[in-house]
Structure formats: C-alpha cells, structure tokens
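Taking it in order: structure first as structure tokens, then the write-up.
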Amino acid sequence: MNRIQKKLEEKKKLLSIYFTAGYPTTQDTIPILMALEKSGVDLIEIGLPFSDPLADGTTIQESAATALKNGMATEVIFNQLKDVRKKITVPLLLMGYFNPILQFGVENFCQKCYETGIDGLIIPDLPIQVYEEFYKNTFEKNGLIPIFLITPQTDNERINRIDSISDGFIYMVSNNGTTGAKKTFEKEQSEYFKRIFAMKLKHPQIVGFGISNKDTFYQATKFTSGAIIGSAFIQMLSRDGLGGIDAFIKSIR
Amino acid sequence: MQKTSYQVNEKGYYGEFGGAFIPEMLYPNVEELRQNYLKILNDPDFQKEVNQLLKNYVGRPTPLYFAKRFSDKYGAKIYLKREDLCHTGAHKINNTIGQIVLAKRLGKKRIIAETGAGQHGVATATVCALMGMKCIVYMGDIDIKRQAPNVARMKMLGATVIPAHSGSKTLKDATNEAIRDWISNPINTHYIIGSVVGPHPYPDLVARFQSVISKEIKQQLLEAEGTENPDYVVACVGGGSNAAGIFYHYLDRLNVKLIAVEAAGKGIHSGKSAATSQLGKIGIIHGSKTLVMQSPDGQITEPYSISAGLDYPGIGPMHAHLFQTKRVQFLSVTDDQAMLAGIELSKMEGIIPAIETAHAIAIFKEQKFKKDDIVVVNLSGRGDKDLNTYIKYFNL
Amino acid sequence: MQKTSYQVNEKGYYGEFGGAFIPEMLYPNVEELRQNYLKILNDPDFQKEVNQLLKNYVGRPTPLYFAKRFSDKYGAKIYLKREDLCHTGAHKINNTIGQIVLAKRLGKKRIIAETGAGQHGVATATVCALMGMKCIVYMGDIDIKRQAPNVARMKMLGATVIPAHSGSKTLKDATNEAIRDWISNPINTHYIIGSVVGPHPYPDLVARFQSVISKEIKQQLLEAEGTENPDYVVACVGGGSNAAGIFYHYLDRLNVKLIAVEAAGKGIHSGKSAATSQLGKIGIIHGSKTLVMQSPDGQITEPYSISAGLDYPGIGPMHAHLFQTKRVQFLSVTDDQAMLAGIELSKMEGIIPAIETAHAIAIFKEQKFKKDDIVVVNLSGRGDKDLNTYIKYFNL
Amino acid sequence: MNRIQKKLEEKKKLLSIYFTAGYPTTQDTIPILMALEKSGVDLIEIGLPFSDPLADGTTIQESAATALKNGMATEVIFNQLKDVRKKITVPLLLMGYFNPILQFGVENFCQKCYETGIDGLIIPDLPIQVYEEFYKNTFEKNGLIPIFLITPQTDNERINRIDSISDGFIYMVSNNGTTGAKKTFEKEQSEYFKRIFAMKLKHPQIVGFGISNKDTFYQATKFTSGAIIGSAFIQMLSRDGLGGIDAFIKSIR
C-alpha cells in the first residue's frame, strides 16, 4: 500500500502543502520538506516549475518564474530528492505541467519518481483519456498514484468516472478560478462541498485552490478529507522565509 | 496503402498532433464546444447568418488579384488573395465572425480573446460590438506599448484591454491569461482563439472558418485561368490560420504544391527566430500537442520575429502534421528579407502588406518558378498596423 | 417649364457654377483633358481596364450593409455603403484608378496630386505604384506633421511628398502648389485632383468615376429591399466627391431625398467652421466658380474642422448648384457631434469611421426618420487614419 | 488713345515693373509709383494681393501674404490711388486674381479704375471666353485694356485668337512655370521668342516671368517690345527698400 493511501486511512482532516521547487532559492527543496514534516503536515506536493503554468494564479506563476531563473529543472529536482526517503516519511507528490515531463520522457520520469520514493503525480493538463490510454500502466508499474481534479463545473457522470480511475484522493478544486489564496469561501463553495459529499464517492476528496488560513481550512474540510494550501504558503515563504514554516502550519490547525 | 488524411480525426488529432491537453477546469467549456460545433456549423441557418455577414459586413469575396508587375519581375503568374481588404484589415475576422455567431448560439454573453499584434483583438472587438457582447482582450504589456493604434481601435470598439504582466509580456502570456480568465468564467464566456491553435476542436473550428479563403480561390481561379488549381499556394505561418484557410480545399489535391513560410527572425540559428518547424520539438502548448520551441527541459522559449503576429513559439497541430508528412514545404524568411519584400510590393503593386504577409511575399527572391506556374499568395493583411516598424526600419 | 439638369452642361457649368477659371498656362493641359475625357471614358477598352481594377484590385463592389443595431436605435432602415472597405480605406481610390488609366492613355508619365488628410495622396501614390508612374504629392507642412502615418504610407509606395510652406500650410495651399507644379510641367504631367473641385472637366470627371457608388447601390438595394430607390441618401461633403458619387444616379429621381453634411467645426458662427454652403459666397477657388468661404474683400479664408478631409473652403460646383436649386438638403454637424457619432458607430456596429464620415453618421441624433424609411449613408472611409484624433478627444 | 497704346508706339524696348500693393508696407504704394516714374520705367503693374496666387512663385506669394497682413485690400488701393494721376503719367495696370475683383463687383471695379486713371487690367485667371462673353463691354466702357497671356504651350491658333481680342500688348510668359526671378534664359526660350516674332502679330509682345537683370532683359526684348520685372524687383525692395529703386532700374537698361 502506497504512503498516500495509508495516510488517507487516518481518520483526520489532512493538511497538504504545495510549494514550488526552487523557490525562494534552489537550495530550499530539502530544508522545506524537512520543516514541513517536522511541523506535522500530512502530504506534500512539490511543484515542478513551468514557464507557462496556465492553471495557476499570480503567486505560483511568480514563484515558478523565480525558480526557473534560479536554474531549477527536472533533472535538478531528482538530484536533490535522491536521498529524500532517508530523511522524511511524509507522502510526496510531484505536481507539474505535462510538457516538461513529456520532454523528460514519461517512462523515465515515472521510474525516477519510483526510485526517489515519490508517491503520486498531479499533472493538471494531462487529460484522463490520454492517461488511461497511454500512461496508466507506467504509473502503476512505478507505484505512482494519479491525482485527478474535479471542479464545481464537473458533472456527476464525469465525477463518477474520475472516481473510478482514481486510486488515492480526488483533488477537489474549490471554485472557478486559478490557484490563489482566498480570505473566505462563499456560500456556493460550501454547497458544492456538500453536493460532492452527498455523492459518497469511493475516494476521499481533498480541497485545493483558495485555502489560506484556519477559517478556509475549516470550511473546506467540513465535508471533505483535507485541504491543500499552496499560494498562501508561498506568500508566507516570501515574507518570512523558511523560519516561518512551523508557525504557519500551527496556525492552520 | 491508406491515403493520408490531412483533416482532424474524430479524437481531435492530426496524425500524432492535436488533442486537448487542458486542465479539468476547462473540460466542460471545451467539451461543450466539441459536442456542438459541427452540429452548429452544419446548420443552414447558421451558415446563412455567417455568409451574410461575410458578404455584407466583412466584404467577401475578397479579390484574387493578378499582380502583373510582380509577375513580370519574378517570372511566374503571381496572384494575391486580398485578405487585406477584409473589414479590419486581415483574414482574422473570418474566424471571429464565425465564432461570435457560434457563441451566440451557445448562449454566451461574454467574449475573451488574446492578441499579439492586436489584429485578432481588433477583429474580436469588432464582432463583439456588432453583436452587443462584452469583450475582454488580453494583450502582453509590451505589445500594448508597441501596438498602440490597435489598442486604441479596440477601445473605440468598446472592448476592455487587459495587460498581461507575466512572462515575457507578449502573445504567449496573453494567451495564458485568456485561458486563466476562461477557467475563472466557465459558464457565460466564450474564448475566441485567434489561430488554428489551442485544444481540439479549436484548430479544426478556426480552419473551417478560414477555409472560405480557398473556397473562393477555386472559383476565382477557374474564371481567371480556367482551372481551380494553382501550381503553388503560399502563406505565412504564425499560428497558421491564414495558411490553414488557403491550403484547406487543396490539401487533398496533391498536384497543388503548398508552401508555408515561417519567420526566421535574425536567422534560424541566431537564437532570435520563430521558425517553429525548424527549431521546435513535439510538445504541449496551450492545450495542444504540436511542434513547440522549447528548452531541453520542456520550458517554452520566447521566439523572436520583427513581426508581432509571427512570433509564436508553436504552430497549429494541423501544420505540424503537414510538416511531418511533407505535404507542405516549410520555408523561412528573415526580418530583413521580409522588410525588403514588404517595401517592394508597396512600390511595385501599391499594396503595403502586413509584415507577417511580407514573409510570404519574400520567397520570390529565393524560389525559382516556371513562367507558366500559377502561384497564389495569401495577402493575409494590410501593413497599416506596421507603419511604425516600416518607418523605423527604412528611416522613412 | 424645363426640367432642371443637375449634370454639367457643354460649357462646363452646373447652373451658374463651374467653368475653368485658370491662368493661360494651364489652358493646354485642361483643354487636352476636356477634349479627350468623354471619348476615353466611353471607350470600352478603357472601361474594361478600369472595371477590372475596381473589381480585382480595389475590391468592388463594396457591400451595402444593413446596420441592424443602429437602425433599431434610430428607428429607420439604415444602410451603410462600405467605401471604407476599398483598398487604401476610402472612396478616394475610385477616382485615382480612373484617372491613372486616363493619364496613361493621354501618354502622361508623371503624376501630381494634392492631399489634406493624406487619403487622396495615398490613393494616388497607390495607383502610381501600380502603374509604375512617378508620383509627387503636395501636402501642407502642418498636415504632414499631423498625418504622419499617411505620409509614411505614401513614401512606402514610392511617392515623393513635398511640403507646402505657403499660406496656412494645409489643403488649400497644397492645392495651390500642385497647380503651380502643373504650370511648370505642362507636357508630361497629369494632375489627379482629389475631389469634384477644380476647373472643368475635373468636377464632372471625378463625379463620373465616383458614380460607381450609386450605380452599385441601385442593384444592391433592389436585392435587399426590392427597390432601387432609398428614401434618403446621406453623405458628408468636403470637396464633395463621395457625395457626388452616391448622389449621382439619384439626381434625377426626385423622390429620393439627398442630404449633404458639412463640417460646422466649433459651430457655424464660431469663426471656426467649414460649412461652406452656409458661410460661403459665390467666388472662384482653384479654377472653379462655386461657393467659397471668403472675406468681404474676396480673400479666401481658412476653414476649420476637426476632420482634415472636410476643412476645405469651397465645395464642388455641382454641389453649389444642388444647394442653390434645393435638390440637396445641406446640414452641418459640429466637431463634437461628429466625434460622438464616430465612437457610437464603433461601439454599436464595429466600424470605426473616418471623422469625415462620422459627420454623415451624426445626423441621426437630430433628424427624425420614419420607421420604414430606407436611409443609405455613404461610409466614405475608415477611421484608422484618425485614431490619434479619436484617442486624444476621448482620452482612450 | 489709351496711355498704354501710346507708350507702345514709342520705338524702344519697354521696361515694365510689377510690385505688390501693400508691400513692404501699406504706405509704400504712392512712393514706389513716383520713384518708378522718376527713374524712367515705361509701364507699371500694381499687384492686388490675393490669398491664393496660384500663378505666382514664392517671392510674389510672400509679398502678397505680407501685404494682406498689412491690411491691404481693394478698397484701400483705390483710396490710395485716388489722386495718382495728379502725380504721375506713366501707364498703370492693375494685376489681380479674379475672385477679389468679383467680390468688389466687376462693374464697380472697372468704374473705379476709370475714375482713378488705370489704363489696363491683367487678370490671369479670367478666361478669355468669359471675358468676351461677360466683361468686354465693361472694360471698353471704362477705357480699360485687357492684357492676355500666352505661354510656350499656347498653340498658334489660340495665339491668333488672343491677338485678335487684344487691344494693347500681349503678355508673353517666358517659360513653363510660375513667376520668379531667373539668372539667365535657356535656348528654348529664345527660340520661343523668335517663333512668336515670326508670327507677326498685330499686337506687340512684352515678356514676363523670369526677367531679373540686364542680361535677361536684353534676351527677352531682342525679339519683343519689352519685358516685365516682378519678383526681382520685389526681392530688391526687401533687401534695399525704396531707396534702391533708382539704382535697380538703372542697372537694367
């Protein structure tokens, strides 16, 4: 059983943190990972920076641009993560756009993930049909759990389909929009959370996009299994640096 | 052996190119379009409305003009398909007319678009004014500054122009911003993309709307030369919409040779170029698998061309396939060659071409044709938008 | 009672207006033209060449576009005759095409022209490039500065633009300079005048070349509305060529009401106006007896309009006669009214009109029509050349 | 017999001077006229300034613009000339474009000329047909001689016609071009002079346009009865003022 699956069995509201590899500096990847594990997060998504992150808001865009300018690259990430499993045990996901993975070679990429001890992949612009037709086997062979997104616009039929091909959790995009920290959620968000809850899917849902603080984390996880914080965490890093990680995580739950 | 098809297949691919590599947030929008576009396009009422607008508003058919002095100089029968005479000054409006009527049928109330040189932005703002629809155009901050007249035109037309501050602040980034807007407004908004790029069904949709160009040529050439088929068809390629339109009805007529002209910028190997077919590798850009200029690590690189409409780091998947199958010969032309061709056409035929178009014109200096060869060039747009660049370049 | 003729008589007059008040130095040139123009215009070969160029090069017929949203708003059936879609962006080229072919037949090798806004200069430079003829365009020094893009276009087209430094350094003075050039080059040079002004036979010659506008409308309106005759025909008047062209075939159809719109500038009685019919007296300007804005002492006054193409201190003799006989109703429109009409048409129909044209559009705010009235407005040109003025005025 | 006709009977090469009324200043009209008579010129053409003098070169254009700015006008001229015949006897012509005369009223204008003692009129943009049809009687009634132009392009038939309706001299435009001083004449000019000479017209010819000095005056009058100096005289006025008149005239012949 994969680390993600195991984590999902814990009966608590999971806190997942996203950060962009190479930001604020190239050397921060391992220190951030270790600080996050230490402060008790449940899942970590390592973002692979991309030149054209079209599902992302300004914060993540800018962190990616900085990371690329810092020299971050797929090869570099894997080098940095070589011994990560000697240091931390928290489930790790890579989150990246499809083109850099395609250039690295999907097969090669997945194998590297396996060797590194990565547990899952989030590739927002890899359509589920293409995944199923071409890459499912490769993912499975390398013990990688594919994470798919659903949004308030995803119809029930498609949600069921996504549920059926999922293996870990469903990444539930909180609202219509790109990534980015929000101060609070609207009524329509909680209705959406409730609606999905009522569908009683096979796989747990973790909410992403717009979670920034205790309040939004609480709202997002009322009817779900957990929530992902990305932009707000990156904003904190810009402001307080790595030293702020522990206080930030403690402030959420 | 099975005959190669140059059209999109039912999965949205041209050979190995195309598809819809989009985040789930866009799935409903793109799927709605995919499920409806052929039905709507085949509806006689839709066709009637679009055709009326093309005739009475856009000014179609555009002439097929025999360029006598140019023909004499270059030793071939050179015809220019006068898309520069379309309302707003380029072929771009063929597509925006089609898409705005489509958007109306889909019940959309709000239109977004990206633009580089501003030509597609103006064409979109125009049809939105015509239909009384809200229009938002994304444009790179740098392009806004260097294409001020087109920005003013869009504003005159009632559109909101939003600067894209990310990345290199040019076309690629404006496209990213438009996609982000669409993600944020999935229900009431239609995204009018400006070339044969983006996720399926956009490349096919845009190609169909632009195919009116070659449809007209068949008839016009029959009248002028007694044959529907020229020996050569030439077009410049940014994303590839004007080329797709003029190639369209000739794709399966293999005795018609097709030539696509890309921007070599300061030279293909200068590091400042936009010749995607020469420099690109298979990759994903803006939702489509196609040839893409990119770093070995898969980061999309900034292309360069003096022409704002050609400096796109990809080409449409249809063109990637036409390149791969060698159905189309891809040439490239430098800034300098294009500028000289632009002023030569102005002085010899009284037509100032867009700098994009000037790339297609420039091939006559290098390519040799036979005296009887009928060569049809897509005069995709007029050069008024490029006057500042011409003025500076030639010190006029 | 004898029926009034609105056409020129054999002596070169429209009623009491017209004639050829030229210095003897111009007599041979003008006489050569007078003796030959009808013969040449009636030659089937000439007609064929001109018609081919109008079709394949200029893009004629231009559409007759039913402006739905505008019609709904103003309660009439408003059609726009799309001269803005002509090559180079205005009706001016209908005349320059005709005159260049005429000049060729007269064996001329060198073409001169005057221009104000630059639109006629561009149209002339264009046809000269097309025919490989030397082209000199006179343009007021002030206009050269404020119409830089059109100056660049002329240069791109290979024309020499010569600044007129005399007088107020605008259109009137450019015309004087062109006439002086013609005096100095009486043998090899043809002067392509840009409106229905100047000595006989120019007003008639230019009106005939522009008459293609109303010729097309008859046919187009028959198709659209089942009648050749609109209730109203509306055009702006600078010198009067676009108005002459759209009135031409309706002059003798007295049930078609004709409306000419002049530039009132800052108000007819503000001292800054170009409403010649309201402010002018009979006089001589540029070789023609017509209505002229002038001082009591007979010095020609500088008119004013925000539109460079309308600030001419005369009108063609045909229009003076149409005004005097009341065949045409003359209205006038201020700068402000025109600018507002220009942006309204842009936002409601997606067409940015030339500011000249915007004067014709502006009448709908003041004039009341019946819901069934068919009103055809001459959309004489596109507004690209006026973007700077629009930008400044509306602070875009 | 009119003063011009009488002058033409003198068997000498006539020198005619053109100047623009109101230039350099409004007060100069009478002083210039008196100085010219005193230094012995044979004919004087008083130019009525016009806003759009399309047959004139830069020098006369600019003098007209200055004169208009100075306030010169038809009414003013006639006022200034009221008593001119008490002061000088040299034949006087008014030269002006048609529009100001039309506005003044042709009838009225001609009568004023008669009262003033003007002998002839040069109206370059009044076509001969219009003159014959409408104004001949008025001219004759007021004793005004109409002066018509011929140019190198005027064909013989038309020259004969002009000769037939002339009454004084024929104004022979020296070359293709507007008014303006020239340093020398070309071969084609003298051939043109000879050609006209050979036509043996009823009326003498006086050459205008381009005469500036002794040389050009000599060339122009070899086959004709005289020559007119305009631009060169005005340029001298700009340079030397009224005090330069005598020396200028003496330098010509």
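Per-chain residue numbering starts at 1, and chain names A, B, C and D are given in the order in which the chains are listed.
By our rule, a contact is a pair of C-beta atoms (placed from the backbone, for glycine too) under 8 Å apart; a residue touches a chain by one contact, two chains touch by 3 or more.
Computed from a predicted model, the values in this text were never measured in an experiment.
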Exercise. Where the centre means the average of the CA atoms, what chain is farthest from chain A?
Worked result: D
For this session: Could you please state the distance in Å, as a whole number, between where the Cα atoms of chain B are centred and where those of chain D are centred?
Result: 67
Exercise. Which whole number of Å gives the spacing of the CA centres of chain C and chain D?
Worked result: 37
Seminar exercise, completed: Those chain pairs meeting the touch criterion are A-B, B-C, C-D
For this session: Sort out for me which residues of chain D touch chain C in the complex.
Result: 50-55, 57-58, 61-62, 65, 68, 73-75, 97-104, 124-127, 130, 148-151, 153-155, 158, 173, 176-178
Exercise. What residues of chain C sit close enough to touch chain D in their complex?
Worked result: 19-25, 27-28, 166-167, 172-173, 176, 179-180, 183-187, 281-287, 292, 294, 296-301
Problem set entry | For the chain B and chain C complex, residues of the former touching the latter | 55-57, 59, 62-66, 69, 82, 84-87, 89, 125-130, 132, 149, 152-153, 155-158, 343, 346-352, 383-384, 387, 390-391, 394, 396
